[in-house]
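In the two complexes below, subunit A is the common chain; its partner is subunit B in one and subunit C in the other.
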Partner chain A sequence: MRIGPSQEEVRRQNLGALLRYVHIHGPTSRAELTSELGLNRSTIGALTADLAGAGLVTEAAPRETGRAGRPSLVVRPESSRVYAYAFSIEVDQIRAARVGLGGQVLDLRVDERPHGLAATDAVPLLAEFVKELHHSVPDDALYVGSGVSVCRMMRRDDGLPRLTFTTEQIAAPLSAALATELGVERPVVAGNAGDVAALAEHARGTAVGCDNVIYLHRDAGVDAGIIVGGRRLSGHAGQGGQVGHMVVQPNGRPCSCGSRGCWETEIGEYALLKAAGRDPSTRTAGMLTVVDAASRGDASAQAAVRQVGDWLGFGVANLVNVFNPEMVIFGGTLRELYLAAAAQVRSRLNSMALPAARERVRLRTPQLGEDAALIGAAELAFEQLLADPLST
Partner chain B sequence: MRIGPSQEEVRRQNLGALLRYVHIHGPTSRAELTSELGLNRSTIGALTADLAGAGLVTEAAPRETGRAGRPSLVVRPESSRVYAYAFSIEVDQIRAARVGLGGQVLDLRVDERPHGLAATDAVPLLAEFVKELHHSVPDDALYVGSGVSVCRMMRRDDGLPRLTFTTEQIAAPLSAALATELGVERPVVAGNAGDVAALAEHARGTAVGCDNVIYLHRDAGVDAGIIVGGRRLSGHAGQGGQVGHMVVQPNGRPCSCGSRGCWETEIGEYALLKAAGRDPSTRTAGMLTVVDAASRGDASAQAAVRQVGDWLGFGVANLVNVFNPEMVIFGGTLRELYLAAAAQVRSRLNSMALPAARERVRLRTPQLGEDAALIGAAELAFEQLLADPLST
Partner chain C sequence: MSVTPLLEARGIDKRFGPVQVLKDVDLTVTPGEVTALVGDNGAGKSTLVKCISGIYPIDAGEFLFDGQPVTIHGPRDAAGLGIEVVYQDLALCDNLDIVQNMFLGRERRSGLVLDEPTMEQMAAETLAGLSVRTVKSLRQHVSSLSGGQRQTVAIAKAVLWNSKVVILDEPTAALGVAQTAQVLELVRRLADRGLAVVLISHNMNDVFAVSDRIAALYLGQMVAQVKTTDVTHAQVVELITAGRSGDLGLAAEKIDNGVEYADTLTTPGAEQ
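And then the complex of A and B:
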């Protein structure tokens, strides 16, 4: 039941709206804030003063504009002072970054993820990264919290990936480890890799302004970050978006989940390498070799790309019928497969998706590259600050 | 960009929250409203006075409680005075009702929908219904607007259903026809049959309190009303939820949409009747005969129900992996198929959906029965009133 907010809540919402604006759009003049936020000049002035007093923004005269009249002051996020830690636990690597307000990656550490290492066991390694990163943090800097992107797959000792569900089990131990390391307790928010990448592309990448987005993310499996009406689809128990386990081929290849013909097995590296007559144990590197060979005219590689690309389009068409999205983004190693097989994907979309559902959908690759997971994880952390800027 | 509301907006939100509460929950004491809405007693008193002044609620002493002390006044929605018109354009019939605030069907008209009649051509027939219904409306009654549930299928002259997309094209001509008939202009909101039924079950049926719901609706095709995080999934162009056209069987039966192996063809009446060795032109009546025969032990009918029920479970499992819903509801003629084949559906769910995605999902049939479309359509109309109670 939705109840109207108090005066204090109104002020908090306005502070959050202003801080979010400069966090997303960068330095902004007071004049632009006035028109974009629909608040009057004196309110913008008062809100800016509050945020500056808390050390979250600075105000300064703009560079020479060449125009007559007193120029509007420019409000900047304190990107070098206000920061979050962002983590990414992937199938084959773990990463940690210090990310400033405004989304700038200030510092970064990357390492391999050992085979057989459960996501929860990565926590001490991430804490070690933070210890290193923390050496270069200025004394007056403000730590606001952390976000972590967790892949739902782990690599077993035999090299094969396995499905695990640890997203929710990461936040509490990581929060405790960071509190010990940093001497201050701040929230840690965990999200699935697909969700987090979708958040990043929605905030700062190719999906800015799109309210209905499907971000397909392939690491070892295929996950989706789905945005419906501007909000993340998380599902009843945080397990939504497992599009890789939609069955597209009844009685198809066995999948690690125990089912058969799951979408992620039909568009996977193994399927592509088998179709191209190559060694399926070469995995991602082998997949890229096939895509490369296809681009240089190798007939068997081209046939394999067409076959797997057809299955890629098959699943996309089903999702388009269900969601009627504005944009589908091909992330992780799906980027290369999509670029090589865009014609097959489009063809399946045209033959399988209803015209009304597909006619305005745009197919895209990510704009943010490898940093998307860290940028998205930082967004999870900043969400707390933006909801109530003066509480931190 | 979300900005804090003004004092006037706060009052509007509170008025809407109070009116929504009695609209959904029925007569409620001031004491309960105070605790449920988190507002103090004097605010509840003032809001109630405003709503009573506008003729939307009444206040009265409750029946004898047997307890000591002054009893809390009870606030009731003015169900017989404040009403909406609700319409449902289905494949084989059209319906119109006058629905009172609080969701009571006060009066009702039903007729067959002639074959070949486009949904837009049903508008004059609905206006004729309204003319009849309007005779019995008290002089002081308040008409707040209309809602219409539109099935995306029409029956052709040859008796076969065909996919059309007219939802958005209904609201404007219906609004104009009603303005002529009633002499007053009020908004008309149109929704897909699945969406509208989902809204009804979410507000007043089996899905009350569930924020992640998939309502599967079969009329001639299969549509879904999907609720994600408490809000309807509509998609970028209002075309979301076309789950009937997910392809589940590559190279399966041809579908009227031009594709093959769509879910709705594999779980359709035609598929069931063919599998049972019966005349497929008997459609819904024939389907019910097969379900009935299966329940009485007919082996070929049982085999057909198992086969089609298996495909029903197949699609449900895929949707559960994608959405991680709390509840799946089997509406329209899927109700009978689900009840006959619940074991197959559950078996597919267990073998194909990931444990984490499926473990808390509840499978249900609708609670509201045939009236769901009209009750949901009325909810579409009342949404306007509840958003700003004193503007009407």
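And then the complex of A and C:
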């Protein structure tokens, strides 16, 4: 029987904690690390020396402190040297980025996603991006792994969305493609778009410090990244968070998943465009036009925004009752809808959610914007390095 | 959130000659929260703000700042307490750049000359601290900025001077959808950073999107100050237009039109 963690495990844990701290908070002085991590000064010194030896951080004297006494050395993450590849397969575009430790996007490639292209078929395109990105990588740089954010919807040839389940299936082929491209075998972690964005906002966006968060993400469909007690709620097969398919109208409109009256059929971009009497295939651009028209006083657009906003509040109220989150974030194209229909969303929430649950919930829009998918995907990739910094 | 109010107005009265504009108005403003001040045209919103910021003297009532009674005799007193007002017309100078505008009248000096590098750095830090990414260069003239960017600069200017209370008078009026979204997010971020924010708006969506509390003025009287989590859109509209909604607002006999209101719960989408 073991009595406690071995010295080696404690060290690994401390190394991970220190590296994670500078990864999330940026350059930090040794003195601050000592107080933040609750470790001894000499322990911090030894840990920093180990991480610096592995080329993960650098130490330097601060430029000017304006204070008396010997300045404490500042520990910086090696953002330009230690990197991960982050990919995002969205409903209308695919993106690949090289992201440095500390969450900086160092280099970026974007392309449109052709209609009818399955997520798994995007792998060769991503491998091509990596080939381009890899040209500008310095020789001494350290590649730690890759993360990919996958949207579960794809466009059919006619531009309308269809549900596919490929989040997990993409990791293996992408991993193989990257191994041949880069010549090294490193883990590739896949996550749903909503989950990945939730992770990014939780780590360095608007939900920092909140451990119970629901990130609602809408592109062609609606899904959610749910963080409970600081951990992502992914479900048994990684298929959790499909809040867009909660049935809210048993006799409602048919949904792309085969069911009827899913929440998505009431708050999706298709529903909004249909309610406003616009062409449903105009997608995101059309959706923004409706919101814009509503703000300028177009009556049919206003009615559509109110109706969809009302349904948005209906679902959010149910989620708030179930999960009791501190924060609900409206991401993707829900950001614009929420800001344009906040009165409806709030009113519905206030009349349906339990007082104890709704009192504390903060409704917010994301802070990281479009970058959330890439930053979150990079977080997935850095996860293993942060768990055991000296293994790579 | 039971935080002590930062600014409290008690029993404020204001008359312009025979017209009583504010009648016994109470308002509490809490740090870390956005308090939306709503009311119909002529309800006294702007007058109240001008009383708080020291432009108009009050006829009766008192102000408490951080629990201490204070007297506000002029804009200088208000600024000294850390109360900044961002007006609709922004009061930025078109012919100056962003840094010059943010430091206008309070320029930093090193010796005889202006300390441009420090000012530029402070301006950049303030904008970065508010996650403002839309401004390309700090040396851009304000005349070249969009409405939303101007609003951003005006708000950042208020933040730069370590204000404790920021009052925004219709910051999203006359802005496009994308710019409105940016400004609303900025307003929310100010409060999340611990400032007390007062938002005057006619737009119910803006009010519900960012506010924690709603204070409704009706014909010069504060009819209700409620938590945003406790009211519906319809109730707030009733407070604004009739001064009463259910148990909220003025007592029934005070209203002369005598209309009764009933709360009804409809299915989503049924209202329109």
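The criterion applied here is as follows: the second predicted complex is superposed on the first by the 388 of 392 C-alpha atoms of A that agree within 3 Å, B and C clash if a C-alpha of one lies under 4 Å from a C-alpha of the other, contacts with A are read in each partner's own complex, and residues count from 1 in each chain.
We adopt the following convention: contacts are C-beta pairs under 8 Å (C-beta built on N, C-alpha and C of every residue); 3 or more make two chains touch, one makes a residue touch a chain.
Note that the structure is predicted; figures quoted are calculated from it, not measured.
Visitor: Is A:E185 touching the first partner subunit B, the second partner subunit C, both, or neither of them?
Guide: So A:E185 meets neither subunit B nor subunit C here.
Visitor: I'd like to know which partner A:D388 touches here: subunit B for first, subunit C for second, both or neither.
Guide: neither
Visitor: According to the stated criteria, A:F314 is in contact with first (subunit B), second (subunit C), both, or neither; which is it?
Guide: both
Visitor: Tell me which partner A:G229 touches in the superposition: subunit B (first), subunit C (second), both or neither.
Guide: Only subunit B; A:G229 stays clear of subunit C.
Visitor: Which chain, subunit B or subunit C, ends up touching more residues of subunit A in the combined arrangement?
Guide: It is B that touches the greater number of subunit A residues.
Visitor: Once chain A of both complexes is superposed, is A:S351 in touch with subunit B (first), subunit C (second), both, or neither?
Guide: both
Visitor: For A:T365 in the superposed arrangement: first (subunit B), second (subunit C), both or neither?
Guide: Only subunit C; A:T365 stays clear of subunit B.
Visitor: Where does A:E112 make contact in the superposed view: on subunit B (first), on subunit C (second), on both, or on neither?
Guide: A:E112 contacts neither subunit B nor subunit C.
Visitor: Would you mind listing the overlap between the subunit B footprint and the subunit C footprint on subunit A?
Guide: Subunit A residues touching both partners: 314, 351, 359, 361.
Visitor: In the complex of these two chains, what residues of subunit C are touching subunit A?
Guide: My answer: residues 131, 176-177, 180-181, 184-185, 188-189, 192, 204-210, 227-234, 236, 265, 268-269, 271-272.
Visitor: Quick one: in the complex, what on subunit A touches subunit C?
Guide: 206, 266, 288, 291-292, 295, 303, 306-307, 310-311, 313-314, 335-336, 338-351, 358-359, 361, 363-365, 367
Visitor: Can you list the residues on subunit B that touch subunit A in the complex?
Guide: 1-5, 9-14, 16-17, 20-21, 36-39, 163, 165, 211-212, 224, 226, 228-229, 231, 233-243, 245-250, 257-259, 314, 317-319, 321-326, 351-354, 356-357, 359-361
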